[in-house]
Every structure is written in C-alpha cells, then in structure tokens.
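Order as written gives the chain letters A, B, C, D, E and F; numbering starts at 1 within each chain.
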Amino acid sequence: MPRFVLSLHTPPSDHDTTQRLVSFAQACLAQGHTIDAIFLYQQGIYHASNNLDLPSDELQITQLWQQLADQNINLMLCVTAAEKRGLDIKNTSVFAVAGLAEFAMLASDADKWVQFK
Amino acid sequence: MINVLVISQSSPFDDLNIRDALDMTLIFAAVDQNVSWLFSGPAVLALKKHQQPSAIGIKDFFKNIKTLEIYDVENIYVCEKSLFDYGLSKHDLLVPAKTLNFSEQQALIRNQKHVVNI
Amino acid sequence: MSTLHIFSKTLNNYCANQLGNLIRPTDKVLLLGDACFSKKQFRQFSDSLLLLAQDITVRAITLSDNDTAISYEEFVALTLSTNQSITW
Amino acid sequence: MPRFVLSLHTPPSDHDTTQRLVSFAQACLAQGHTIDAIFLYQQGIYHASNNLDLPSDELQITQLWQQLADQNINLMLCVTAAEKRGLDIKNTSVFAVAGLAEFAMLASDADKWVQFK
Amino acid sequence: MSTLHIFSKTLNNYCANQLGNLIRPTDKVLLLGDACFSKKQFRQFSDSLLLLAQDITVRAITLSDNDTAISYEEFVALTLSTNQSITW
Amino acid sequence: MINVLVISQSSPFDDLNIRDALDMTLIFAAVDQNVSWLFSGPAVLALKKHQQPSAIGIKDFFKNIKTLEIYDVENIYVCEKSLFDYGLSKHDLLVPAKTLNFSEQQALIRNQKHVVNI
C-alpha cells in the first residue's frame, strides 16, 4: 500500500493551492493509500493560525483541515519555520508542532512526497 | 482629486493579489479620487468571462469585479499585447475595458500622482 | 524511468529556458491551477500536456486535441507511476 | 515640506525588504520630511504579529518597528488584509488596526507613496 | 517628466519584454536588493542604472562605469525629483 | 538510505528560501540520508563569496552554508549555465561544488527518490 507525505508551502491566502492539497489528500485516502504526514513549511505555517474564520462564501479553510484531522491524518507544523515567521506556536489549531527531523524521517520512509505550492 | 493607478500583473488565483487590487481600486473610488486599474500580463485573465471558483469552494470574486461600474470605477484598462498573449479578445471580458498599447500605457502612467503595483 | 513535472502558475513565473533543458521527452508535464492558462506556452516542454480537469473547468478553459484532462484520482496514480515528482 | 506614505507588502520573513523600508523611513525623517503613515498590506500584515522575537543574530524586526513608533510614526495595519490571513487583530503590536479608506485618504493627501516589496 | 522604476528582485521575476516597453529613455531605473545581482540584464532598460550603495556592498558587487551607487538620502531625493514611482 | 535532492532557485535574500533549503538539506544529512543540493538560476548567488548581510542587521547565513562540509553534506551541485549567467566561476564560490550541465542535472534528478524545490 503506497505511503505519501505532502508538504504545503503557500500561505492561507492562496486559496487555490490550499483546496488542491486537500482534494489530493482526500483522493489518496479514497483510493486506500496512506498519508503519513501533511507538513506545513515556509509560508504554509500560517495555516496553523487560530484566527482563520472566513465568511461563508470564502474557502472554509479551518473546516477542511478539521476534516483531515477527523480522519486521523498527521497534520504537522514545522516549528523552526513558524518561529521565524511570528506564528503563535502555543495555539496551533489542529496542527502538531514538530521538528524538521521528524518530518524528514517520515519523508524518507514514504513512497512519495508531493509538494504543493 | 488625485489620479491614482493600480497595476495588476498577477494571474486570477495567485494568492489574493487580484482581490487586494480590487479592494484598493474600490476604496480610492469611495474616497472620491480618480482611480484607474490597469491589467497587464496574466492579470488580464482576471477579466475572463465564465470562470466559476465557487465550484471548488473559492469566493466568486469575478462577481465583485463586475460591480466596478456600479461603484463608478470607469477607468479600466487592459494591455493589448497581454490580451493577445493569452488568446483573449475584448468580448471575452467581464467588463468594458479600454485596450492600451505600450505608448498609451506610458502616457497613462505619466498622468498619475501615485502608481501602485499590487 | 520518468519524472512528473508539476506547474501551478502561469509560465512567466518560471525560468523557461532552464526548465526546457531539464524535461525529457519521456517525462510527464502536469498543469494545475493558473498554469492551465499558459497551456499554449507550456507546450514547448511536452507534446502532450496533462491538465487537472477541475482546474480547467473552473477557469473556463477548452482543451486542444493533444491535451488530456485528468481527475484527482489520476493525479494520485500519476505520482505513483512516475519515479519522482518535482513541483516547480 | 514633502509628505510620504510607505506601504509594505512582504512578510517578516523577507528581512531584506523590511530593513530597506526602515532605512528609507529613517532617511526621510533625517531629512526633515514627514511620514504620514507606514501601512501593512498583503503579506506585510504579518509584521503585526506579537510573536516576532528572533535570536540576537537575526534582524531585530520588533525593535525596528518600536523605534519608528517611538518617533510617533503612524504605523497602520490593513484590517481586511489581516482578517483574510488569520492574523490576531486584537494583539497587533505597535500597529494600529485601520481600514483601507483611512490609508487611501492619507495616500491621497501625501506627495509621495513608495511601495516596498 | 520622468518616472522612477524600482526593482528589488533578479530580472527573471519580471516580464522583461513587457517592462522594456513601459520604461522611457528619460525615466530612472533603480535597483535594490537582489535586483543588483542582475545589473547586466537590467541594462536593457536603461543605459545608466542607479543602485543602492548599501545593497551592493552587502552583496560584494562591483560597479561598472555606467552605474551609479546612491545612498538612502539620494533614494529619498529621487522619489521627490521624479513625478511618480513604480515598485515593480 | 534514500536519495533526496533539494533544488534551490531563489536569489540569496529572497525571503528565507535559501535558509529553508539549507535547513532541509542539513536535516536529511542528520537523519543519515543521501542528500544532494542543486543551485540553479539566481540561487547560485547564494554561494558567492564575500557577502556580508550582518552589515545591515541580517543573519550571516553564508557562514552556515560553509558548514555543510562539517555536517557531511558533500553533494553540492551548481548549474553550469546559471554560473555563467551571473558571471561567476568556481573559485568565486564559498564551498566546493560540482558544476553540472543540463544532461548531468537530468541524470541527478532521475537518480532520486524525492526531489524537493524550496
């Protein structure tokens, strides 16, 4: 059974890339593949903000991440990238604060790493 | 009343750039300034008809672009060469826009107090 | 042996003359998002482009004969059938 | 006496653009010019985060903004841009939460508007 | 009448063939930051480029005869002596 | 042990891209994988000697790039064409790097399990 890791490099204001990563992840799961981690890196770390409630005609970013969390997907936030960018790493929504090493080990074991940017 | 020009060069779904430019254009109209909006490069695609971002959960900001006329933003310009590059003609566009060649764009810029690239 | 090359922005965002030299005839070129708007210009990298079906529908883009629209399921399968992917 | 407004469009991770805007602002002030506003727009809004304490060998972003605030420069944050990007608009460091209209009026009255990106 | 054109990234980040048509011979072209690395390529826009002195020092760039290094004070003055500026 | 390639295409002071790529490269070395780092386009300038960001308060990350060898990152590659484009030669570089033409870069990519563009 193929195992994936996905990484997101764009901020939450890039709605198009965000919905694409989520659609890809859901397609992976629907085909029975495993997602070992979705990793926020570079500007992607801003997705772990606690203040992302957008009006109902906007992309429901918080809800999309919650749905992935409900499916027990490992949602990881790079702590180094987050600290450099001023994110509050004590309140990181559904994302677990993690070191790069943790992600690198998962990526090394995975069959495929797909970047979204 | 000052002349202010907003220039867009980003494709429609590239971050919120087009929406940020739209907000800026509308607000200068709201505070009664003579605002113009120039679409250049892939930004001309933000005026392309029949796009439907709500199909993937993204806000339909093309609807908001259509309201420019209601808010008295009349100076909407597109780069002629960019329209050609992306295979568009004037009747593919959401709103009536004036097509400008490069020397007309130079003249437009020269006529401004402020030029802001968003 | 083939590599999947993924693009999500219009061509002007990339160094086309560098990339043209890194993409081999056996590689796959997949256009996502706003990259679909530049399909004419991306043709220099591959004779048969792949485009994400949902993204072309959203953008009201019509396909030419040489292009193939693919679903998310096919996108996932493509990452598995190629040796490695690069998101440029 | 010339009056300036400056706008910043890049996030705090763009150290180079940040230091350049600050150096330009200080040069304006040193020459006796007036700065009516420095305005955070687009990704620039992340400068108003309260968690931007970087190690001492990094650009001291918080301190640079504090120095401008101490010189009574009007440091403004675009509320619309901030809400769309998940910034906590209740804790915005030395930046005042402002509407676009407020900035547009200041920009209209200013002699020069210089963008930093 | 002249416009100040400001660049802060290497040339590949801009649509050079668009911009080449918008910059007039009487305009000023100022390179900041990493744009200074591309001074050779930016020469197509102007015979005499202006570069921010501090930014070329930081990057260990040496100037050619046609280029002029300017201070922040001169940068401020330049925004005042031109009619409008555009940060591309 | 897997082969992983980090590609950099950003100029040295463009956001934190080069530093993010450096962190990624070092960490794969730290978890004992066979990591390579390819500098292409304006990223080759990140290897240029004598730069001094600390003069403007920016962290001297060039020092960290020099430590790659200490951390057993030996596969540092630069695009030959890009070196030429920016007027650099091998002895302008901070660290010993292998110059690759395009077909060698193709072979490098083909040899990887993962390729990450940062």
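Assume a contact is a pair of C-beta atoms (placed from the backbone, for glycine too) under 8 Å apart; a residue touches a chain by one contact, two chains touch by 3 or more.
Note that this is a predicted model, so its numbers are computed, not measured.
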Any chain that touches chain D and chain B: A, E
Centroid comparison with chain E (C-alpha atoms), farthest chain: A
Distance-maximising chain from chain F - centres being C-alpha averages: B
Whole-Å gap separating chain B and chain C, where each centre is the average of the chain's CA atoms: 28
Gap in Å, rounded to a whole number, between the CA centres of chain E and chain C: 35
Euclidean distance of C-alpha centroids - chain D vs chain E, Å: 23
Gap in Å, rounded to a whole number, between the CA centres of chain F and chain B: 39
Touching two or more other chains - residue numbers and ranges from chain B: 13-16, 41, 56, 58, 114, 117
Of all residues in chain A, the ones touching two or more other chains: 11, 13, 16, 23, 58, 84, 112-113, 115, 117
Residue list for chain E, restricted to those that touch at least two other chains: 12, 15, 33-34, 54, 85, 87
Chain F-touching residues of chain C, taken from the complex the two chains share: 1, 3, 15, 18, 21-22, 24, 83-88
Of all residues in chain D, those that touch chain A in their complex: 11-13, 43, 46-47, 49-52, 54, 58, 83-89
Residues of chain A touching chain C in the complex: 2, 4, 16-17, 20, 23-24, 26-28, 30-31, 33, 111-117
Residues of chain E touching chain D in the complex: 6, 8, 32-34, 52, 54-55, 71-73, 75-77, 79-80, 85, 87
Residue ranges of chain B in contact with chain A within the complex: 13-16, 54, 56-60
